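The following pair of complexes shares a single chain, subunit A, combined with subunit B in the former and subunit C in the latter.
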Partner chain A sequence: MNAIILSALAGVVMMLSGIFTNKQSVIKLVSIIALLVLITGNVLQTYGHCSIQIDTKNLLAFSKAGLYFNTLIFISTFVYFILSGKAIEKAGVNVAEYFALIFFVLCGVSILTSFNGLLMFFLGIEILSIPLYILTGSDKRNLKSNEASLKYFLMGSFSTGLMLMGIALVFGATGNFSLNATGQKTAYDVLNAGILAPVGLLFIFISMLFKVSAAPFHFWTPDVYDGAPSVFTSFMSTIVKAAGFYAFIHLFETKSYDLGPSWKLLLTFAIVLTLLVGNITAIFQHSVKRMLAYSSISQAGFMLFSLYSSNTLAKEGIFIYTVAYSFATIGVFAILIYLKDYTFDGYNGLAKTQPVLAFTNTVFLLSLAGIPLTAGFFGKYFMLASAVKAGAPLMLVIVAVLFAAISVYYYFKVIQAMYFKQGDAELNDNVPTSFKTALIAIAIVIILIGIFPSTVLNWLYF
Partner chain B sequence: MGITQSLFWFLSVLALVAALMVLLSKNPVHSVLWLIVVFFAISGHYILLNAQFLAIVNLIVYAGAIMVLFLFVIMLMNPNTETEPRKNFLVQIAGIVAGGCLLTVFISLVKQASEMNNKTALLKTGNIGLIGNLGKALFSDFVVPFEISSVLFLSAMVGAVVIGKKN
Partner chain C sequence: MPIQYYIYLALTLFTIGIIGVLTRRNAIIIFMCIELMLNAVNLLLVAFSKMHNGIALVTNKDSMVGIDAQLFVFFIMVVAAAEVSVGLAIIVMMYRNTHSIDVNFLNRLKN
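Here is the complex of A and B:
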């Protein structure tokens, strides 16, 4: 409960801080302090100290894994504030409100890691997505941003409608919102239980595929990620997406039995299509920002493996993947924001003028591609290993590895532009030393996790 | 046939006819007005189920607020048959097939929902839908989601201000 209450309070504090001061550096400082308080509160609750106890009537269930996931998400947000805080200040005029909305999103994340029923699940998903519609459209003068926001809002509302329909059907079948009321069922039970619950779950499944931008419901992703201000794209494609996946897995861990044997088939179809669409389309992009949007679709395909296997290894995998993918993508976007030209040519010769930026960007891109000795490698390794352990067809794993190899092509195109092409990459602004230091620190963390993945996983058990 | 049953049949026929008229009217403003009739008929059904609160909320929210919004949008855009683009024949066929599939799914769903066969809804009796019970449930069993939804509304309000404010 600590994280939910503190993040909502932090949102209110940020909202009101806009009244008392116009200095953006003060607002940013307040937000960082609020985030540190949030992390402390959450860690304290994880170890059973000073936690606010409220009788939630079994609607929320706090597990160690969920609380630890909160901590990881909050730390990623901290990294995001440190690297991109300056860009948030420049995204528009209502800086205090942007920070408030980000804290409301974090409140949604804390609900999604602890829900124990479809009711809280729905509330969490909504608190997570409504602030995003607004952040997408925060650049009011930019027509593309407006279009992206409207598109996201309409499509998002539609998928929410589908989800509500699904929840209503499941409620009609079981008579309550609880996750484990039906318990584990045999195939025989499923066939006799009527069709209400499976159809309802299918609707929820579809709308969750939409929320995590997996194919065939990914069509909004490139336009929205491209149209939104880059800072908020970075937030949406990392922190929010990882939280969506955690909720997805948490929900279907117990519920997938109701879907019967067709469940794995459905999921296989979604995984292969997501990997195919994400990777193949990313190759043909000219803008790095758009390429990252498609690459985020293909990364979603890998994260779906944890849903396929849903065993301990998969659970560990989603933690590693969250850290690896969030840190690397936040870093890549933080560097992208400094560039004047978002195309691949805009990176030409960056290594000569800004060696630190070019080097750290290389580390982040290698991690995204899943090259060994970076965190991204272990993210992908855990996903595929868990699928093998869960008895996935070998063909599926081979397809995933092939697509991972294809993804190397478009990530290396950026590295090639930075190191081997002539040109002078133009920057918007002078790069402060503190920014470079932060980048180097995160690159070191990514490499450390790539060598000792247990540093992240050990906290799950101790 | 008692008065409840006759009211039920009357309201059902009214709802279906009005819903058909929404689709068949040429003038979009008439469609919206027929939609209001649909909402009134459904509210009547709620009253038959002894769910007065739901009936009133349905009227206030749907027939009141949302319909006014619909009317505003339609009157502002002023669409008519001349300016609307002609729908492609293939698109129409695809629409019919997709709609038919959904209809089949729903019909089979209702037919296979064995737990609902031979059961009638609570008519006249039962106090589940009364506002007192709703309030008690909201402030005892569901107090956590009730309070947490305030975060949702707060974020929506902040968003409305951010989008609507002049710079």
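Here is the complex of A and C:
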């Protein structure tokens, strides 16, 4: 409860702080303090010191895993604020509002990690997405940003409509919204209740594929990620996506058996298609930002494996994957924002002028590609290992490994441009030392997790 | 009235909404179609609520089974209102820059 209430309050505080001060550094400081309070509140609740007790009538159920996931998400947001805080200040005039909207998104995340029924699931998804429509369009004068925002909004509300239809049909079959109420199968003659629940779940499944940008419902992703201001793309493609996956898994853990054997078939189809579309299209991109959008689709393909297996290994995997993927992508985007030219050529010769940026960027990209000794390797390893344990066909795992190998190609194209090509990468701004220090710290964390993945996982049981 | 009629009506409205979203080119009309989809769901939820309540009433006179679907409808209305406020703002912003709300204009990002 702490996280939900504190994040909503923090959002309101940020909105008001915009009235009292125009100094952007003050607003950023307030937001970081609010985030630290939020992390503390959440950790306190994880260990049983819940300061706000509310009877939620079984709508919310707090589990240790969910609360720990909250903590990871908040820490990723903290990293995001530290690395990209400056870029948020530059994104537009209403800095306080951007921070407020980010806190409202975090409120949605905290609901999504603890929902115990379809009502809270729906509310969480909506609280998560509505602020994002605004953040996408925050660059008001930029036509690309406008377009991305409208597209995201129309697609988002369309998928909400599908989700609601699914929820209504599931309700029709079971007569309540609770997650583990699997049908007091109403022996109602006129209604063939057997078909309502599977069809409803199919609708929910499709709309969740929309939200986590998995194929075949990924088509909005590249346009929206490309058009949105880069800072907010980095937020959307990491923190929000990871939270979406947690909700996806949490929901279908209990519900998937209504779909019967076709569930695994559907998922296999989605996984293979997502990996195929994400990786193959990413190869042909000229803009690094667009490449990252496609690569985020292909990473979604790997995260879908945790849905496929849904055992303890998968749950551990989604935690590692969240940390590895979020940290690395936030880092890559933070460096990207400093560059003038977003194409691959824009990176030419970065290693000569900015060795620290080039080196840390290399670590992040290696982690995204899943090279051993980085956190990304264990993310992918846990996903595939859990799938093998759950008895996935070996062919599926082999296909995933092949696509991971393909992904190395486009990640290494950036590294190649930085180190082996002539040119002088132009930067927008001087790179402050504090930024470099933060980048190095994140790179070290990624390597440490790559060597000792249990440091992240032990907290789950401690 | 049998429950099927309500289901057919709601599904028809929902399908009209989907077809509208997929075929129309005017952002406001697409938006209206999305609202139509949401309202079809509202109708279905209320019908199901009454149905489940009716079944439960047979055995228990003061049964509250199925009431939560009607609560859900209120939440859908609230969320739809929030979406309208954000969505219309986005459409207005778009109109100011391009003087058009035709979604066919939305192809700048393709290249």
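Convention: the second predicted complex is superposed on the first by the 450 of 462 C-alpha atoms of A that agree within 3 Å, B and C clash if a C-alpha of one lies under 4 Å from a C-alpha of the other, contacts with A are read in each partner's own complex, and residues count from 1 in each chain.
We take it that contacts are C-beta pairs under 8 Å (C-beta built on N, C-alpha and C of every residue); 3 or more make two chains touch, one makes a residue touch a chain.
The structure displayed is predicted, hence computed values, not measured ones.
In the superposed pair of complexes, A:I4 makes contact with subunit B only, with no contact to subunit C.
Residue contacts after overlaying the shared chain place A:W263 against neither subunit B nor subunit C. Of the two partner chains placed around the shared chain by superposition, neither subunit B nor subunit C is touched by A:Y411.
Looking at the shared chain after the overlay, A:I134 reaches both subunit B and subunit C.
In the superposed model, A:L123 makes contact with both subunit B and subunit C.
In the superposed model, A:Y308 lies in contact with neither subunit B nor subunit C.
In the superposition on chain A, A:F104 makes contact with subunit B only, not with subunit C. Legend: residue contacts after superposition of the two complexes on their common chain; A:E147 is shown touching subunit C, with no touch to subunit B.
Shared-chain residue A:Y294: touches no atom of subunit B or subunit C. Shared interface residues of subunit A, touching subunit B in one complex and subunit C in the other, are 119, 123, 126, 130, 133-134, 137, 140, 172. Only residues 105, 108-109, 112-115, 140-145, 148-149, 151-152, 154-156, 158-159, 161-163, 165, 167 of subunit B touch subunit A when the two sit together in their complex. In the complex of the two chains, the subunit A residues touching subunit C come out as 119, 122-123, 126, 130, 133-134, 137, 140-141, 143-144, 146-151, 153-154, 157-158, 160-162, 164-165, 167-169, 171-172, 175-177, 186, 188, 190-191, 222-223, 226-227. Residues of subunit A that touch subunit B in their complex: 4, 8, 11-12, 15, 54, 56-57, 59-60, 93-94, 97-98, 100-101, 104, 107, 111, 119-120, 123, 126-127, 130-131, 133-134, 137-138, 140, 172-173, 194-196, 199.
The touching residues of subunit C, when paired with subunit A in their complex, are 2-4, 7, 10, 14, 17-18, 21, 27, 30-31, 34, 37-38, 40-41, 44-45, 48, 51-52, 55-56, 65-66, 68-69, 71-72, 75-76, 79, 82-83, 86-87, 89-91, 93-94, 97-98, 103, 105-106, 108-110.
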